[in-house]
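Below, chain A partners chain B and then partners chain C, in two separate complexes.
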Partner chain A sequence: MKYKTFAAFVGPSIFLMLLFIAAPLISVFFQSFYITQPVFETVEVETCTPGFPTQTCVTEQKTQPIIGEDGKVVTTVKYVGLESYRNVLEPDRAWAALSAFDFRALLTIDFWKALRFTLTFTLVTLPLVIGAGLLIAVVVNNASRLIRGPIIFVSLLPFIITPVIGALSIRWLFIGDGIMTAFLEWAFSQNISMFAQGWTIELLMMFYRVWHVAPFAFVVFYAGLQTVNQDTLESAIIDGASRWERLRYVIIPHLMPLIVFISLIHLMDSYRVFEEIVGFSSQAHRISLQWLTYDFLTPDDSGNRSISRASASAMLTMIGIVVLLVPLLRKTWRDHKGGRV
Partner chain B sequence: MSVPSSMRQPMALRLSSAGFLAFWCVIAAFPIFWIAVMSVKDPVDAFAANPFEVIFGPETVASGRGLSIVSIVVGIAVLWAAIHLALNTLPRLIKQYSPPHLLVVGWIIGVLVFALGFLIVFFGLLPPVLSAVNTVLGPFGKPILGMTTEHYRAVWVDNAFYENFINSLIITAGVVTVSLTVGTLAGYGLARSGSNLAFWILIIALVFRALPHSVLVAGYLPPFINSAEILRPILGDAAPTLYGQPWAVIAVLVSINQPFTIWMLRSFFQNIPTELDEAARVDGCTHFQAFRWVIMPVMWPGVITTGLFSFLLAYNDYLVCSLLLDAQNQTMVPAIAGYFNRETTTTDQVEAVAAAVSITAPLFLLVMIFQRQIVSGLTAGAVKG
Partner chain C sequence: MAEIQLKNVSKRWGSFVGVDNFDMTIADREFLVLLGPSGCGKTTTMRMIAGLEEATDGDIVIGGRVVNDLDPKDRDIAMVFQSYGLYPNMNVYENIRFPLKVRKVDPATHDERVMRAADMVELREFLHRKPAELSGGQRQRVALARAIVREPNVFLMDEPLSNLDAKLRVSTRAQIKNLQHELKVTTIYVTHDQIEAMTLADRVVVMKRGVIQQVGTPTEIYDRPANTFVAGFIGSPAMNLMEGTLSGGTFSGDHVSISGLSGPDGPVTLGFRAEDAAVAETGPQAEITAPVYTMELLGDATMITVKAGGALVSVKASKDYRIEIDEPVGLNIPAEICHLFNQKTGARIDV
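Let's turn to the complex of A and B:
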């Protein structure tokens, strides 16, 4: 294909990606070093109250934003260097907490709290998703053909449901004296409230994520199981391998590329954990990195969005993405040089 | 096919795997089933601690809103007839009456007419007829299963949820059309070019796919809010404020979705043999003509699958829509946040449940119709790559 034809085919897509993905990234990078503020002026205001024999007059200095000719508050853009990063990271408090080995104090700072939750969430759900997906795939593959279709249909439901709604549907089972809470209270015969403390919410969020992603892993593994070499399996049986050994030494090595694929997708997606925070309304107890940026971007009570702090936290989130992607990119590059793509 | 005895499974294994499958199906479907049940009950029943009270709804029955045995039987019969019609008669009629080159339009019109007819019969015609029948029948006409649609009415009519529904419709339709148009072109170009440039474009797209959306929105917000002033020198007074515009959100969602779309479409295009385009080229087609008249007709399965995933992304999005649209013209998913944050009374909570079920219902239909395409889409990237 000639270069010109190629450009004509790919052009619109590249244009969109440059305009709406690459350009915002660069602008976020620059925004994080600047801060936009209203310009304030100090005026002397004399207020008088009636008194005897003369009025009592008080003169005070008042700071107020300057209103421009168009009736809007005049703002300036100021270069502040790493100030916004400092506001997000709070290095002094963090360092003090770290040197005193006081992790509880460290976790009172929003950014570190969010980082802790995001990493725990990502790393705990990863093996659970792989394990659950693999287990369902193997069992369905052993089941009779008649019931496979309906099972795949039911399994797709948690995957396809809107994430916020999925989280809500789990939350409604547990909220207040919902039936699951009632069941747990009956089983453990003690009073349980799932939404009063952080760790129970965290457990529910992890459960939701596994419930939501396991079907995806299941479908991919199930498709992989259809291509297992039957001759290898038969020779394993002849060699006297038990079911477990066949799974361990024939099937899992065959599925290994798929396991790597699912892990990568899952790492990328669960690092961006966000909808769970909205669905479970957990912001008082647990927040994630993406939610932190979202929170800075949401207008506060006076209608201001802290864009520069949002940009700083977005840039810090990006560092994690880069760390995640470097091994993947190195592998792809090596494959490409080896000419296997 | 008889299974050799060495491959036959021991009884214990078969029992435990059957048990596990049943367990998984319950876990997978239960939360969704349960919110559907809760949404048609009185608030007292919906949040009762005893599951049987939630299912049968004694409070709802006591207040006179429920289904009698006759109603349940008739309702199931009508549902069954509707499914039968939809699966057998409808496709035949559409094939018979729509001209072959307008089959897609025929399907759209047919499905819309069918859906409208079903809604009129099931929700408009059936309830008054059944209530008349129930009063005549006496003991058999007594309500036994609590059921009320008042929460749905409150959500859709009183709280004007249909406005959010229309917004969602506009945004998802826009995202699917634009991202498929742009994506198929790019996917075809990338699949048919072995150059280094194509490889690098794919890798950069992979990096873009991993970006958190909030990072990108942090970049959009300031220019979108001030876009009228920024664009004034170029466009004059017609310069729009992009913030709060549905088409700006469509552009954003299409771009965010592009990396995924081109990867998926590329893997579908690679399955189509190159000989096909070569034959067309020999017959004197340009690249574009070959793409339009030879490749696209065999690409429909891949395009439908990718379109489904674009639809899901746009329909399920919370973050982008809630930040870039203002509260007056939200889509459905961010709008529901207004319900469950407000939930001061249990009635509000059940209304939130009803809104959630309303959002889920189209997705449920989607899985029913397109299960095969969704599965093939999930495995397209993994097994071949």
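Let's turn to the complex of A and C:
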């Protein structure tokens, strides 16, 4: 293709990516090193109340924001280096807790609490999503043509449902005496409250995520299964491979690039877990890194947003994703180079 | 040691008949070739023997054991596929070892057996390559090694040479023939290439639309085709088949008159092979006299084609024979090289 044609096709999307992805990223990166604060002044205020025989006057020092000409609070922007990161990570407390092997103490710090949950959530759901997706794909592929369509339709439903709605409906199934809780109580004849403690909520959140994402993995794997070389599969049958061995030695190696693809997507998505926190209202028990950023951005009682801490938290989240992706990307790169020998 | 018996084996999909009443016994150590055009049921027959396809009717017996309800892996067979069927993620060594591995053969013997199989097909130097780094011929040799490593009782080969280029085909063909001789294993080989069938087979089965047309040694099939289908399928070029009538021992048709034949009077199909006939002077002593339709140089011979008896008829002449198109030519067709077939059923008329 001519360079000009190529540029005409790719140009607009590169421009939009720069505008909407790269520019905010760089902006966030810089904002995490600065803090914006209102400028305060200390004034002496004399407050007098009527009294007898004279008024009672109290003179006190009061700190108040300076109001500018336009009637708005005057602010300054100050370079603080890694101060915001320190505020988020709280390294001293974290280190003290770590050296005392006191994980409970470590988890009282918001960031570490969020990181613990986010990592557990990501790493537990990943194999479940891939396993469930593969299982459905293999089952559908072996199902007779007649019921294949309905099965595909039903298994795709969770994927179509809006994330928050899906999370909410699961919450309603289990909260209070929702029908699932009622059923469980009936089945185990004991009192169950799924939303009274953190770990049950965490389980429900993971369950919801797997339920929601597995159909996507299924569709991709199902497409991949259509391209498995039938001769190779039949060779394996004749060579004496059982169903499981065929899956392990023929089908999974064939699907490996797709498994890596799903893993990449899932790692990126679930590390940014957010809808579940909102949908399950789990803030009191479980928070994620993305939710932490959101929490920093929410104005406090005096209307201030902690933009710098939010930026620092966002940058840390991004670094986390990159660290998680590196092994997979390295594997893909090696296979790519290996294939060219 | 395995004799294979197919007892009235049929395969039907709904009303479509894939293989109809296939009934024959394949002797131990025999090299049997199933030959026919695509869709004739030869591959289906082999897949039923392998267990990849279930027989609708009939019994398949391998080594005295009815195998109809056995899984492919319990039938003690090995199979080679047209597109190799190798495991792309494993290297050559692991590919050859795979049957041993999944069948839980004593791991101590693996290395020796893989090496022996690799040596037989001359693959020792490629053991660490992946299939993608091999040529087509080498890949098919890996498939062969994988088939022989387990020393099964039966080899099944499904057009193993069809994906190779002409030159490789010849050398791999020789290798297969030699391997079968060495290993003395009953082999069933499916092909649509009659030259492969002729060169490899102890016996050939010619099939058409699921029905056996003729079973015999390559010589029998070449010399005494059972019907016009076999006659037209075997040989290169295929047998010339002319339409005409026989009366009083003389066959006459368009541009052709051959006497000295014996057979019932009436309409018949007469066949002869291009290499048996010769070019002659035009005139009454030539059985066919017609203008030349085309002349082709084959290198070792010159092929002259004329229109006679309602068909194109080819004759091989010596390699330095030259003639122009439309020039009249006489062809010498002695009665003893002629085969007569029933014009309606196509069946051979034996005298």
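Keep this in mind: the second predicted complex is superposed on the first by the 323 of 341 C-alpha atoms of A that agree within 3 Å, B and C clash if a C-alpha of one lies under 4 Å from a C-alpha of the other, contacts with A are read in each partner's own complex, and residues count from 1 in each chain.
Here is the rule we go by: contacts are C-beta pairs under 8 Å (C-beta built on N, C-alpha and C of every residue); 3 or more make two chains touch, one makes a residue touch a chain.
Keep in mind that this is a model prediction, so the values were computed, not measured.
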*Partner touching more residues of chain A, whether chain B or chain C*: B
*Scan A:232 for contacts with chain B and chain C and give back first, second, both or neither.*
second
_chain B versus chain C as contact partner of A:80, first or second or both or neither_ = neither
*Contacts of A:128 with chain B and chain C, given as first, second, both or neither*: neither
*Considering only touches as defined above, state whether A:105 meets chain B (first), chain C (second), both or neither.*
neither
*Just chain B (first), just chain C (second), both, or neither: which does A:247 touch?*
neither
_Need the overlap of the two footprints on chain A, from chain B and from chain C, as residue ranges._
237, 341
_Of chain A, residues touching chain C in the complex_ = 229, 231-232, 234-242, 245, 249-250, 253-254, 256, 339, 341
*Of all residues in chain C, which touch chain A in the complex?*
50-52, 71-73, 77-79, 81-90, 98-99, 102-103, 132-133, 143, 146, 150
*Name, in rising order, each residue of chain A that touches chain B in their complex.*
1, 5-6, 8-10, 12-14, 16-17, 19-28, 31, 36, 135-136, 139-140, 142-143, 147, 149, 151-158, 160-166, 168-170, 172-173, 176-179, 182, 211, 215-216, 219-220, 223-224, 227, 237, 243, 258, 261-262, 268, 271-272, 274-275, 278, 281, 289-291, 293-294, 296-298, 305, 307, 310-311, 314-315, 317-318, 321, 324-325, 328-329, 332, 336, 341
*chain A-touching residues of chain B, taken from the complex the two chains share*: 6-7, 9, 13, 17-18, 20-21, 24-25, 27-29, 31-32, 34-35, 38, 47-51, 54, 182-183, 185-186, 188-190, 192-193, 195, 197-199, 201, 203-223, 251-252, 254-256, 258-259, 262, 287-288, 291, 312, 315-316, 318-319, 323, 333, 336-337, 340-341, 349, 352-353, 356, 359-360, 363-364, 366-368, 371, 374-375, 378-379, 381-383, 385
